[in-house]
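First comes the structure, then the notes that go with it.
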Amino acid sequence: MRLYEYMGKDLFRTYGIPVPQGVVATSPAAAELAGMKPPVVLKAQILSGKRGKGGGILFAATPQEIKVAAERLFTAPINGYSVNRVLIEERLDIARELYLAITVNRSLQAPVILASAQGGMDIEEVPAEAILTRPLEVAIGLPSYVAREVASFLALPSDLRPEFAALLQNLYRLFREKDAELVEINPLVITAAGQLVAADAKVIIDDDALFRHPELVRVEEVSEAEAKARQYDLAYVELDGNIGVLANGAGITMATLDTLQYYGGRARNFLDIGGGASVEKVAAALEIIFASRPKALFINIFGGITRCDDVATALVEVKKRHGLPVPVVIRMVGTNEEEGVRILRANGLEAYTRMEEAAQKVVEIAESAA
Amino acid sequence: MRLYEYMGKDLFRTYGIPVPQGVVATSPAAAELAGMKPPVVLKAQILSGKRGKGGGILFAATPQEIKVAAERLFTAPINGYSVNRVLIEERLDIARELYLAITVNRSLQAPVILASAQGGMDIEEVPAEAILTRPLEVAIGLPSYVAREVASFLALPSDLRPEFAALLQNLYRLFREKDAELVEINPLVITAAGQLVAADAKVIIDDDALFRHPELVRVEEVSEAEAKARQYDLAYVELDGNIGVLANGAGITMATLDTLQYYGGRARNFLDIGGGASVEKVAAALEIIFASRPKALFINIFGGITRCDDVATALVEVKKRHGLPVPVVIRMVGTNEEEGVRILRANGLEAYTRMEEAAQKVVEIAESAA
Amino acid sequence: MAIIIDNDTTVLVQGITGYQGRFHTEQMLKYGTRVVAGTSPGKGGQEVAGVPVYDTVREAAQRHRPVASILFVPAQLGKEAALEALEAGIKLLVIISEHIPLHDSLEIMSFARARGAMVLGPNTFGVISSGRSKIGIMPNQFFQPGPVGVVSRSGTLGYEIVGAMRAAGLGTSTVVGMGGDRVVGLNFMDILREFEQDPETEAIVLIGEIGGTAEEEAAAFIKEKVSKPVVAYIAGASAPPGKRMGHAGAIIERGRGTYAAKVAALRAAGVKVAELPQEVPSLLKKVLR
Amino acid sequence: MAIIIDNDTTVLVQGITGYQGRFHTEQMLKYGTRVVAGTSPGKGGQEVAGVPVYDTVREAAQRHRPVASILFVPAQLGKEAALEALEAGIKLLVIISEHIPLHDSLEIMSFARARGAMVLGPNTFGVISSGRSKIGIMPNQFFQPGPVGVVSRSGTLGYEIVGAMRAAGLGTSTVVGMGGDRVVGLNFMDILREFEQDPETEAIVLIGEIGGTAEEEAAAFIKEKVSKPVVAYIAGASAPPGKRMGHAGAIIERGRGTYAAKVAALRAAGVKVAELPQEVPSLLKKVLR
């Protein structure tokens, strides 16, 4: 769960990480009345990178300019996102811009600090040798000597180092205590007055750990269908093709999408019903897919814990209830395959055993329907 | 630093470990006015084991008995300790008594839980097979499965286990956060009503960690001389012999005491000036020893970081200032030995090079003076 | 000798009294696995399919000395269960549970390293030595002895490919699930190293997916250290960036972990990469004499 | 070959710019130790006796690859300094500092085990391979090469006995300080094991003291595993119970760790126990052919 910048900065404040003075406005009028003294910067609160390039960050030197800028931000979508909140902050007098982040390195199975003296730009564009990658021992955490190593790499002036160490240690505390996947400050500003300030905040919380963070406000940027899928514990992603896909297992669902593409088709969605899905869950999955109005539906079941007869029963039930709005191609093998096929046949449905054959068939149907 | 029982129980309370209702009285009058409803138990607050056998724990069933018991406790010393505080507590209705402690096992270099179903008696008297010793991983701490293991060993009824797990985990938190060497509950009572209550509390805090615990009240049970020694960072222990000892290094100081004993003498003290002691520090050490009125003084220096000339200079200075109140026997070898011997000779003092010879000499002098 | 497990491997089942634990204990016993004990707090003294149940791993370990443990516990309890097993001396941990918090996985891996223990998963289907023993949840019927070692990040896709191999007459030596999470214990390299040394394995199938750099690291390792032929299939060719494709680990982040990068790295290491899962058996037949 | 260190051991000095660090760096260099770098936060770029100083161990380690590190840091900073060294890959840690909090020592030892590193101390005088190299604070002049391995819980008492040995014409192979704290890294057993295997060591001197059970464990180990003759001296025969005799570790607690128990255990293991420090050389002469 990615947090909005202003939420990340609220967390920073709680953890003693310095952020610019600022207020959040939910309308141009509120922006005018926020009482921020110019010069200020207005930042659209959207979960998109490259906000600056997309026109989501504007400067204002007078109250009149604040009004104009706020109106602009609230009016048009930025990078395709509509703007509901604008963060208005004091404009910093910037001497240096650094990059600082803590995330998890999969290969090392450990948290890592990423730091660079080249802040303020996309970290992808910074050459690798200009980035320090410092793995951390979870049994130890982030003692002051690690902060010294990072400060050394960034060539910070010695009078800033104690402040920097505190900031980095607080950032790690936040990372651990809030179950973050990523905490990123880009840029971490050194002001002309020699203060460290987090000018931006990107915080991503591990979805799997949200259960132990009732204190965090939920950021929901999902469609109705995604919300419904989550409710049934289905892994669902909307895509831009026209073939609905229902499969069991993340890997095989991905492979199903790839196979459709291989034969010239495009999936409308990724939907993994997981292992051992009940009839009710499969039925909910089918309803979610049909609601997305695909041209055809591809069901690809490789029965293991998931039983073919359960999937067949769910399909038949949905069919009885609402009818099937689009043609359905079924591939079904594995646990209780025969029983599943029998149920399908009794209800006028056929099943393939080979995945490629079924995939080719559904692509064909979708093409002709388009 | 060992805490008084009532201080340990205050900590227990802070950490959510159930203790009996109680108040501390500093006089018999205060005990009467404390408002504790009989039946109660009155416990002398002294840092001594076997308080019960020493008459330091009394029961009272009426307000009149409270008064009598309090007077008795405040009047006569218990096990040689005079009583300044009495803890008056509700009398528990005891169903079972357990033993529970967390301490450090030197061989394992790890914290260990000690638990026994035979509580309420000296743990030394409980057979080893009736004691569970469960080492803990500091990197992990005390997760709930460890509490389950201990509860299993103690054969606790299943409805008490969640409560017990919380108690044990809280005890470990206290142990770690307060830098304890030992936290011991003996007995841990299961009341007739089925509640867990810590009927006693023994907490010893690591002296070396006191610097980070300004919140803990200092328990000082040291003499004036010991307090002064601590101020100069001297390791000093008062003993009951008549030969003052000043040496450098804990091992050699112990060996010096042993050597004196071997030749029939008894040391008045253990005093280790440590490595590289300054003239000022040695002078302070000499003053502490002389204040304890020994019959003779034995200085045993094996110079390494400690320089013989510094010790000689300190001795000569003290001699010039106050004179030497008792005969001094000096053994001095190692770093700057010649210079040290020269300084001594210039001031009418001689030094031995062999420790046994010097030890025999000082025992002889002390004997003849006694 | 297969890799990681063999006939003698003694197995503990953590969470044995739950639906999954019970079902898979029976399945493992049927397959020949030496399941010696199970745990379930508060259920000590019961039996599941003849297997004795204990309250704590320590007690089970002292009595039955299991070498491996398989975890069927809710994600929220995964960390404690894993640490309990490691503390009690378990040397191979198979974590079936999905949705274990990332920071919990980091703690598990850190302690496993300190204890010199192997971890498969989280979110793995386990490991199976075909025809001998399995510690996992894979359907028994697909796994027939043969010369191909298989390692897969995903379960059903692994079964799909093993099934296609079987249909083509190709059996498996050991099939290993790496787990679909972002942070998992053993990675492709660790398992490739074992297969390279395993006399029963003549060729290796690597089933990867988008996200992370495990396949790229595997490619570098294959180039240097693996003499046996390797066939790969990578899922996620059609996946858009920034979307989590089911597995927590299957996400293209900031331009890294793409299908193209993985396939390029593997091909450069001499690996034959199948474009469809069903191509794997025919590619295998080409590399096996 | 001596035990633990030899001529080639590269050494880092943590806290090199302080009085003690500076003095002992010079002394170690004089004795022949390969001191390759030092650390002192904020003093990076300086030199001490020609040895380059760095802000962090990591930097020093990357440039000079020290194998061992000796710590001269205030007790309150001891834990961080030790962890810093271990994290940077140091394999032998010699902790001179005294008064390190007990729980800090526990964390150091736990992490050292995870990293497979050896720790001497806290509160040790270090280790010296006579005539070759030393990592410690012992006075250089007492240590002459010879056939006797010495391990001691205390410093000055160790020097006293080594001095008496030298006066009697007996030199030392390696002299090891175990440290006077309650919790220390290497114990008597670890060091006895090394001496037993060291071809340069013909007899062993064990200098113990009251408190703990290290001597009793050593006795059991000697009985089983040590074929070389062992002479012991135990300090604290006259110490009363419950009093801390200087060393944090030297305390008779609840009737355990007494002089009598230690001497009895050692004698039962065939160890010759000296009643006075000065008896050690003559006992040694009896056991050495």
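Going in written order, the chains are labelled A, B, C and D, and every chain counts its residues from 1.
By our rule, a contact is a pair of C-beta atoms (placed from the backbone, for glycine too) under 8 Å apart; a residue touches a chain by one contact, two chains touch by 3 or more.
What you see is a predicted model; the values in this text were computed from it and never measured.
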Given subunit B and subunit D, the chains that contact each of them: C
Given the two chain pairs B-C and A-C, which is bridged by the higher number of C-beta pairs in contact? A-C
Cα centroid separation, subunit A vs subunit B, in Å, comes to 58
Indicate the whole-number Å distance between the mean C-alpha point of subunit A and the mean C-alpha point of subunit C. 27
Taking the mean of the C-alpha atoms as each chain's centre, how many Å separate subunit C from subunit D? 46
Among subunit A residues, those touching two or more other chains are 137, 139
In subunit C, the residues touching two or more other chains are 110-111, 113-114
Treating touching as the only link between chains, describe the layout with one word: line, ring, star, complete or other. other
According to the definition already given, which pairs of chains are in contact? A-C, A-D, B-C, B-D, C-D
Considering the complex alone, what residue numbers of subunit A touch subunit D? 137, 139-140, 143-145, 148-149, 152, 158
Per the contact definition, I'd like the list of subunit B residues that touch subunit D in the complex. 104, 106-107, 109-111, 124, 137-139, 176, 179, 181, 206, 208-209, 211-212, 235, 237, 239, 247-255, 257-262, 266-267, 270, 272, 275-276, 302-305, 333-335, 354-356
Residues of subunit C defined as touching subunit A within the complex: 75-76, 99-107, 109-111, 113-114, 137-139, 152-160, 163, 180, 182-183, 185, 187, 207, 209-210, 212-214, 217, 233, 235-240, 243-250, 254-255, 275-278
Looking at the complex, which residues from subunit C come into contact with subunit D? 113-114
Where on subunit C is subunit B touching in the complex? 41-42, 44, 55-59, 80-81, 83-84, 87, 110-111, 114
